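After this come two complexes, each holding chain A, first together with chain B and then together with chain C.
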Partner chain A sequence: MEAVLTENPASAGTAPGAAIELSGLGKAYGRGEHAFAAVRETTLSVPWGQVIGLLGPNGAGKTTTIKMICGLITPSTGSITLGGYDVARQRSHAVRQIGAVLEGSRNVYWPMSAWENLMYFGRLKGLRGSEVRPRARRLLTDLGLWERRHETVGSYSRGMQQKVAVAAALITDPPIILLDEPTLGLDVEAARTVKDWIAHLAADDGKTVVLTTHQLEVAQELSDRIAVIKEGEIIADLPTTELLARHAENRYEIRVAGSLDGNVGGLPAGARVEPDGSGTRVLLPDADSATVYAVLDQLAAADQQLVSVAQARPSLEAVFIRLLHHAGAAPTPEAGGEGTTP
Partner chain B sequence: MSTRYLVAVGNEIRKGLRFAWSERLQILIELPMFGVFILLLGPLLGQGEVVVGGEVEWALDSATTSVMLVWFVPFIFFYMQVVKMFWRLLGEIQAGTIEQVYLSPLPPWLVAAVGRVVAAFLETLLVAAGTVAIVAPFVPIRVDWNAAALLPAAMIMLAAVGVSLIVAGATLVWKQIQFVNDTVLLVVMLFSASAVPLIDVPAWWADASHAFPLTDGVGSLYTALFTDGSVTEPWGMGGLVPLLVVTFSYLAAGIVAFGFGERVAKRRGTLGRY
Partner chain C sequence: MTMSLSAPVASTRGSWVVLQTRLVANETGKGVRLMWRRRSMVVVGMAMLALNYLGITFFIGGGHVVEPLMVETLPALLAVVLASTAAVQGSGGIAEEIYGGTLEQAQMSPATPQVQILGRIAALAVEGLAGAVVLGAVFALGFGLDYDLHPAALVPGVLTVVDALGYGLLLAALTVRIASIGAITHVFNMVVMFFGGMIVPITVFPDALETFAQFVPTALGVQAVNTTMAGEPLSATWSDGTLPWLVVHAGVLVALGLVTYIVNIRHAQREGGLSPR
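On to the complex of A and B.
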């Protein structure tokens, strides 16, 4: 499947084609009766500059997928290309395309200072010291760590350590960033900083970002596109707005100026009328389009001035839970909203 | 090798030295032990029969102690390279930084080994100097430096790198192999001793010892530093042929074993899992 789902331009200097291509990717652990498929036949194309959220419950296969993209786990089936480079056959080129913050890892050396870590990881990826220094300075300054750059990372707070990990992933300015639970365990303020930084990477630097998180409001805010994984399979893969729209409930809210004053007598069963400032709000909890039009006709006939009509949008969390419990009817672009895997 | 590679290799050396420096207290604590070991063992060497008879002459002999040092210093390097590589790799696995190291475009075996070699070399110099400083007041050390010793010294280093890569490959797969590691050290120490003429060993022991990584290196060092012989003599203890064959066999086996361990760990998904 080639599901190019956004119109984000490719960032400058990136290769043509997709940033990340997963083709028939699968991973099984063990053999015989004990075999366990962590990831099944996953095909995904992520264009340059897109932020894709990989969501799923624990054990769904998110981290395995991320680590396969990094080349840290060998797939059982399928292939991965990063910027056109095959991870299995062109590892050294492929890994130059990515920076990663991996879940549950320290990611950086705690006995070393933030400065030493950035210099080390920059050189590890082949940059000269003179190339790393200005970039390390900018990253540490932007992340508010410059004043404490010579202190060991082990002495930092969890949030500061995660900032160093993000900076280390960005030190070579890779076009693709993989973030596995980047806000896990952070306090509200630190999580906000990391979240803002991710948004900055995507919006201002044109990075392609793959994000896994259990904090669905973070995913909803940052992701152009959401892929939901359950038991190793992608059960939904859509632009975030489309995913939410497809799961919009039959719940409408009509606002009119002034009060109704008993002008509308035939509202459908369950409808509620509430004052809304100087106007009135009519809530239709379970209405199809025909019902909504009928109510609007009544309001028009009663000379009520219409302010707005809106369909209630569910939160990503509500959609996520619904998808996990009704995986068979999950939407993908190719399947026209009724497929199971892309 | 491109500049990019040289930069990254220098980077690993810098990291190795950085961690070696952070372990300076441990090295300082270990340092006297090496000296004490030499002082205690020296008087016993070559006195097997009198030891059995219970009549040990507890006196240090300059020639014996000097030869012992030449046997012992390569072993210190071997210890520094193999044991510390194991613990450091295990530390990287536990911490999770191993996965970030694997995101380097460099061959992972190179990243794993290079920094450790230079750090081990410098640590060995320090420990050897410290050991001599401890032993020298009790007994004069006489070693006639000879540039020919560079050949066996280099081979000893390469063989140690090979063994350390074998251990590292096994560590990537099985993680907790301290006992195997300790056993390897003990066996190498015992068998390499057969290269020192002070120690009588059975013929089978001497024959088998050629298969171990340090033996011919120590034998060649002995030839260069204490005899009029040549290190280019092809056969015999420390002969050039067994020295090169054994050294490069261990190095090749190390690279293969590390690659194998890495592939297994990646297939199992346990590269960064402890």
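On to the complex of A and C.
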């Protein structure tokens, strides 16, 4: 029998080492010719307090990975530790490190009230009622549900239901939060509320967050680090800023005061000149640094006052699509610092 | 980065037994709350069963209630109420939780699957017994049935409850593996209804049918209850083989249900079957 409650798992929240360690993690469904590898040899280390975005197309293996971390799907190979606890061998400790909102699920009992749900999920993790009540009160108040806490969750709007799911995941104040498509199906306002909460959890509460979403702007805004999964393999794993920097395009934007009025001739082929308020914007769609300097020299020679020079940064969406279609050209993880790619 | 853990994460005190008891109680409490939310459906289900029973009783009695027959078949009706409640609500509850994703959430707990299912079964016992007690009182008082509530009936009575819950547990356990369990559950419930002694006591069945009926959940228990309520001592149910086979039947059903549940949960974890398939 596995030992239960022999030490305070809260201490694991400040334990040295990584919050989440995936080592050679793999999952295959079926056998023989019909075997399908959903996740292949994934190794990943997520430090405490980091928000990692796990991105990939449908069927890439994100949800399977998340559910293996939660202990809901048994891996075919490899191991997972949460706060130092092995999910397979120290399950009761490991599961108390996490709270999860899973994709496409209600996650909570709709026929029960928000209050009853939070009390149930708190006790489910081994807490006493007296320990759960103050936290439930705080969560419901913070999420704006306190006044309607005794109404059944089924009578709530979709956004409120998702708030209850988030609150249930947080009721034991776990140091690690796993959010699988937490804004799926929410309207703009509800999605914004959930997104703000995730940001709050990371910034103010120091939670370690694993986030999967198809809304790449959400991932870009929230994630310290991005791992892109394709066909069960991590093809890129870098801090978000570095990932974007590595995919910075040879596209420059030069702003000058006033108009050019034909003062500058011989701009490179494809260059565009556009008015920009009281100034002018020169766009160089495909330029190396020598070309940029040459243009700057021309502008200086024409006495044009330079306002700014910027290299265009792609959106995460553009990088994501590029990575999926050119997996071979993915950023090397060694330079990424924290991440590793199999 | 330092962690902000202002609220307790988990209890550190308390023995393993105390914790497991709390976890079972938590599951039971949830089950009872969910039952209360759908109480109107529970009442309608009980009423339909009672009307069926009444209709069958009138039919067999040629348009009259034959009191001596009702005295022997009413315990079977109460056993059917308990067994069918445990089976339908047990398997339906699991199916609903798979669909809603709450079965997955429940697995992220220090509570083992067997602890959780015991809590669920306890809730089903509350629901089934409440219905059985109400129906029993309505029929006994309504038709002025004369029962000798001999204490010896308590033993087979309790074993019948365990037998019925074991049956519900087994069907709930199968639901984790078999998505379309609903039809199977109804077929089994019909078997329990027809061969469990609700229509006529199984002692009046032809020999082969009586032998078959003794394998049907609750049938042996009802037979033993009827024997003791007729004034026979408990030893009589032991010597005629009813009680020992009832003990074996109830024990096997509960053990089979628990093992099936654990095996199916593990299978679901291997195959990703804890969420909608």
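In this section, the second predicted complex is superposed on the first by the 320 of 342 C-alpha atoms of A that agree within 3 Å, B and C clash if a C-alpha of one lies under 4 Å from a C-alpha of the other, contacts with A are read in each partner's own complex, and residues count from 1 in each chain.
The rule we apply is simple: a residue touches a chain if its C-beta (ideal position, glycine included) is under 8 Å from a C-beta of that chain, and two chains touch if they have at least 3 such contacts.
Not measured: the values here are computed from a predicted model.
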| item | value |
| --- | --- |
| Joint occupancy of chain A by chain B and chain C, clash or fit | clash |
| First (chain B), second (chain C), both or neither touched by A:Tyr29 | both |
| Partner chain(s) touched by A:Gly49 [first = chain B, second = chain C, both, neither] | second |
| Partner chain(s) touched by A:Tyr109 [first = chain B, second = chain C, both, neither] | both |
| Larger contact residue set on chain A - chain B or chain C | C |
| Partner chain in contact with A:Asp204 - chain B first, chain C second, else both or neither | second |
| Chain B versus chain C as contact partner of A:Lys67, first or second or both or neither | both |
| Chain B and chain C contact sites that coincide on chain A, given as residue numbers | 29, 64, 67, 70-74, 92, 95-96, 98, 100, 102, 104-112, 116, 120-121, 123-128, 168 |
| In the complex, chain A residues that touch chain B | 27, 29, 38, 64, 67, 70-74, 91-93, 95-96, 98-100, 102, 104-112, 116, 120-121, 123-129, 168 |
| In the complex, chain C residues that touch chain A | 1-14, 16, 19, 22-23, 26, 29-30, 33-34, 37-38, 100-102, 104-111, 266, 269-272, 274-276 |
| Complex interface listing, chain B residues touching chain A | 3-5, 7-8, 10-12, 14-15, 18-19, 22, 95-97, 99-106, 111, 263, 266-269, 271-272 |
| Complex interface listing, chain A residues touching chain C | 1, 4-5, 7-10, 13-14, 29, 48-49, 64, 67, 70-74, 92, 95-96, 98, 100, 102, 104-112, 116, 120-121, 123-128, 131, 134-135, 138, 152, 168, 172-175, 204-206 |
